[in-house]
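Take a look at the structures listed below.
Here come two complexes built around subunit A, the first alongside subunit B, the second alongside subunit C.
Moving on, here comes the complex of A and B:
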């Protein structure tokens, strides 16, 4: 890469090796490359966070509030990419989904990233899972109708423990040699249903538990 | 780009280069009730004050004669001219007429009838002769602060940071930035108020850990959870209600007072009474922060007033239901941050309303700990904004960085009126998302895109931000055209949207019609007008000053000629009278410089005469002493 500022070889870093100007992001880089770490599921989360903050201090648009427009644009784009990479890799489920996507398996969860490999496979959702989620929703509706906060909380806890099991299974799948990607994918397929359930359940829980706060227009 | 679009469609970061910093960057807290400006001097943030202190009441009066008053004078004018005096304009920023309707109960304002698809609130002021938008009203407040800062710093400002409630949506942020531009300021950054407060605490008090900032201002409530560590201020989550604040306390108290008077809760549409009761409610609420009981007096009509006692306990009972609306957003913000109250290192209080003992008790109960309050809750936001302005202007400290979040999810309307979220709330900014759409009908040559902000599933329950039309796509079978829509949220929390048809790679045209806020043309017109008016206003003020001066010297000279004709030298009367006639002529014109020159000429012509008069009047003993001051007195200068 040639630096936009000094026209010399910029090197691989976020800043030009020659003049220190912030370089625009490589749009083809995957999120592991953004952090300069190997593509491994079991990563050091604390180390990743530290790296994220170091990079943020270097790249944040506040650093370039009065810089050249090209530097400001590069800083904005790089920060956008860095934040997206961090959001994806810090979360064990999003990280797993992303790694499957890199392997060409799309479980329909990566909306918003613009990544759709040409040969992607979309997995069907098992009917058993759909049945379970339907039952959970019915229980939630009944709990809400009865204003039973404890039942709502119990349902939330139940689904949270399901998600915890999924995370454990996913870690095992990636730890196997070779990684059992189809097993991981099968475990992840239901996650979006669990998550959506949790979103709704928490909203109802807030309404039940938050007293007069429930009717304001911004209830999330 | 000459003027930023309300939605920038151009690629972000291409605005013209900002000028090199000269060290005059300030932070402004543009508050619902009061506004402040602060600057970092010798490493310390300080609020800039005028004779009456740091707080500038956020009140603007538009008089029938065309003059505009801001601050205390405007607040005094509110009593006699409630319809022409806009207070709490922040509540209307980036809001449409429908939103204004909701707050209309017990507001004294008149709104201009919105013509057609006008999406901006317009106040009818100056006795119904002028309409102003909330952005223009805010710009008047900002101009006063700009003048104050420029006077204190001795030159033009290089840039400002203006704070906004964390929970402000995109339209409200756009409106705030537009107000800054109308006031002739370079807005370097919009900063969330709780983050500003945390910055003031974090850098001043060297705090580290995870903090909740509970910010209850005049019109908005924000809660932010921040992690402070090694110079990184990371907002974990934020929540709030952009229509909840001390104003609502005042409304509740005012409604109670009206009930006590046996009057309807909307004051029967009497604007003067409504203003009077609201002011009395606020004064009582402030007094009851210290006192246990207050006496409230409200003028019902000239010469007739109502008076009654009000106890703190009564006020607390009235405000408690409003205050409890803060609990939901607090719980949600804690949950979004994945924290229990016990995991916090402290709770920071911001906003004048947090001085009330009931608010402090409420916060202590909610978080299970006593809140911190060692920085003045009225000043802390402006101080933090000054720190950020200093950081942006390159004032050292490259070890500090602020990481803020999107307060409300951003998405697009899908078939069936369902929201598809592209960016979720509490995502760290700057951030972006890309989504690809295809055509659903054969030979479809355009897309209608509707950008919305909010958490709800249905578009109708979210706030409409903008509608796009993307046309010019060549006819293809359904599903062939692929539209890539990109959302980018910058560090101000403002959204840019761009869209491109992938398959043809052709430049597709885009048209943006902001649902709230002003069109680009209108912002440009207003900026032009404000410059023109600024000249007009300044010219008119200077002329008025010179005319007053002219009248003084003319009267004094006339009196002197009548009283001391015996002291005139031959020809002196003619010269002085010629000077007076010239000044009369200049005074009748509109050129303030001509008036000033004529004043100086008359002064010169009458100087010797004045000196002789003085000598006679004062005698030998004081002659030669303090001549200038005495002379000024004699000539009325």
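Moving on, here comes the complex of A and C:
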């Protein structure tokens, strides 16, 4: 890349290696490239956050308030790309979905994010999983009808532990050599159902007068 | 995004919510889901000796369009022969409920559920025929 400002070789970084002017983002860069880190699942999360903060600081609009319009625009575009990358990579499940997508496996979980058409998904969902989700949903509806806050909380805890197991399995799958991508995909298929359940359960839980306030932190 | 009046009507007064005995030989059950949104839908049919669907029930956990699609599906297939029910298309549901493009997958789910319930019923009938032979 040639720097728009000094017309010299800008290098790969956010700022031109020669003159320090902010460079427009490479729209084809994947999220790992945005952070300048290798594409591995088991990434250093603290390091990622550190890097995110550094880059955010570097791209902060205040620094470009009086800058050349090209620099302002480049910093803004960089920020948008950085935030998308951060949102995806910091979350173990989104990160896994994204890495599958990079490997050409679309499990439909990215539908609605703008990267994939929100089409009907063809990857088969195990009947056992659907049965479990249906039972969980029915139990939740029953708990809500009985205004049983404890049961609602127990169901939330149950599904949270399911999600935790999924994340552990996904990490194992990516750590294998070679990575067991189809295993990872199979484990991730159910995630949206669990998440949807948790959204619904938290809503009912709040209606039951238990929340809000307490943070039932979830995997994404 | 505004729901159409028909979607709201089915959502507020869903037809045929409930369950049939899944182990009954003349009951077919389908459980389908949409991984992209996390909706789950159960649809059951009860078929009479004349091959006509005499009852249909559903249970859907999902958005208003998914509930309306399955409610409408059960309403339609009641009184149909299984072959007629087999030919119900998601596009008919889209049209009837005026579903927007982002909700088309809800109607697909309902069509899949009808076909799945019929397949389950037929499997049971075949099994019965074989064990009788």
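Following the convention adopted for this analysis, the second predicted complex is superposed on the first by the 197 of 220 C-alpha atoms of A that agree within 3 Å, B and C clash if a C-alpha of one lies under 4 Å from a C-alpha of the other, contacts with A are read in each partner's own complex, and residues count from 1 in each chain.
Here is the rule we use: a residue touches a chain if its C-beta (ideal position, glycine included) is under 8 Å from a C-beta of that chain, and two chains touch if they have at least 3 such contacts.
Given the structure is predicted, the values throughout are model-derived calculations rather than measurements.
K.L.:
Once the shared chain is lined up, is A:83 touching subunit B (first), subunit C (second), both, or neither of them?
P.N.:
first
K.L.:
Have a look at where A:178 lands relative to subunit B and subunit C in the superposition and call it first, second, both or neither.
P.N.:
neither
K.L.:
For the three-chain arrangement built by superposition, which of subunit B and subunit C touches the greater number of subunit A residues?
P.N.:
Comparing touch counts on subunit A for subunit B and subunit C gives B.
K.L.:
Where does A:125 make contact in the superposed view: on subunit B (first), on subunit C (second), on both, or on neither?
P.N.:
Once the two structures are laid over each other on A, A:125 reaches subunit C alone.
K.L.:
Looking at A:197 after the superposition, I want to know if it touches subunit B, subunit C, both of them or none. Which is it: first, second, both, neither?
P.N.:
The second partner, subunit C, only.
K.L.:
Could you tell me which stretches of subunit A are touched by subunit B in one complex and by subunit C in the other?
P.N.:
Overlap of subunit B and subunit C footprints on subunit A: residues 111-112.
K.L.:
Given the complex with subunit A, which residues does subunit B contribute to the contact?
P.N.:
The touching residues are 11-21, 159, 167, 188-189, 230-232, 234, 239-244, 321, 324-329, 331-332, 335, 388, 391-394, 398-399, 401-403, 408, 420, 422-423, 425, 427-436, 454-455, 484, 486, 488, 490-491.
K.L.:
Using the touch rule from the top, collect the residues of subunit A that touch subunit B in their complex.
P.N.:
For subunit A paired with subunit B, touching residues are 53, 56-57, 60-63, 65-69, 72-77, 79-80, 83-84, 86-87, 111-114, 116, 202, 206, 209-214, 216-220.
K.L.:
Within their complex, state which residues of subunit C touch subunit A.
P.N.:
31-40, 42, 59, 61, 102, 104-105, 108
K.L.:
Could you please specify the touching residues of subunit A with respect to subunit C in the complex?
P.N.:
Result: residues 107-109, 111-112, 118-121, 123, 125, 127, 129-131, 133-134, 137-138, 141, 189-190, 192-197, 200 of subunit A touch subunit C.
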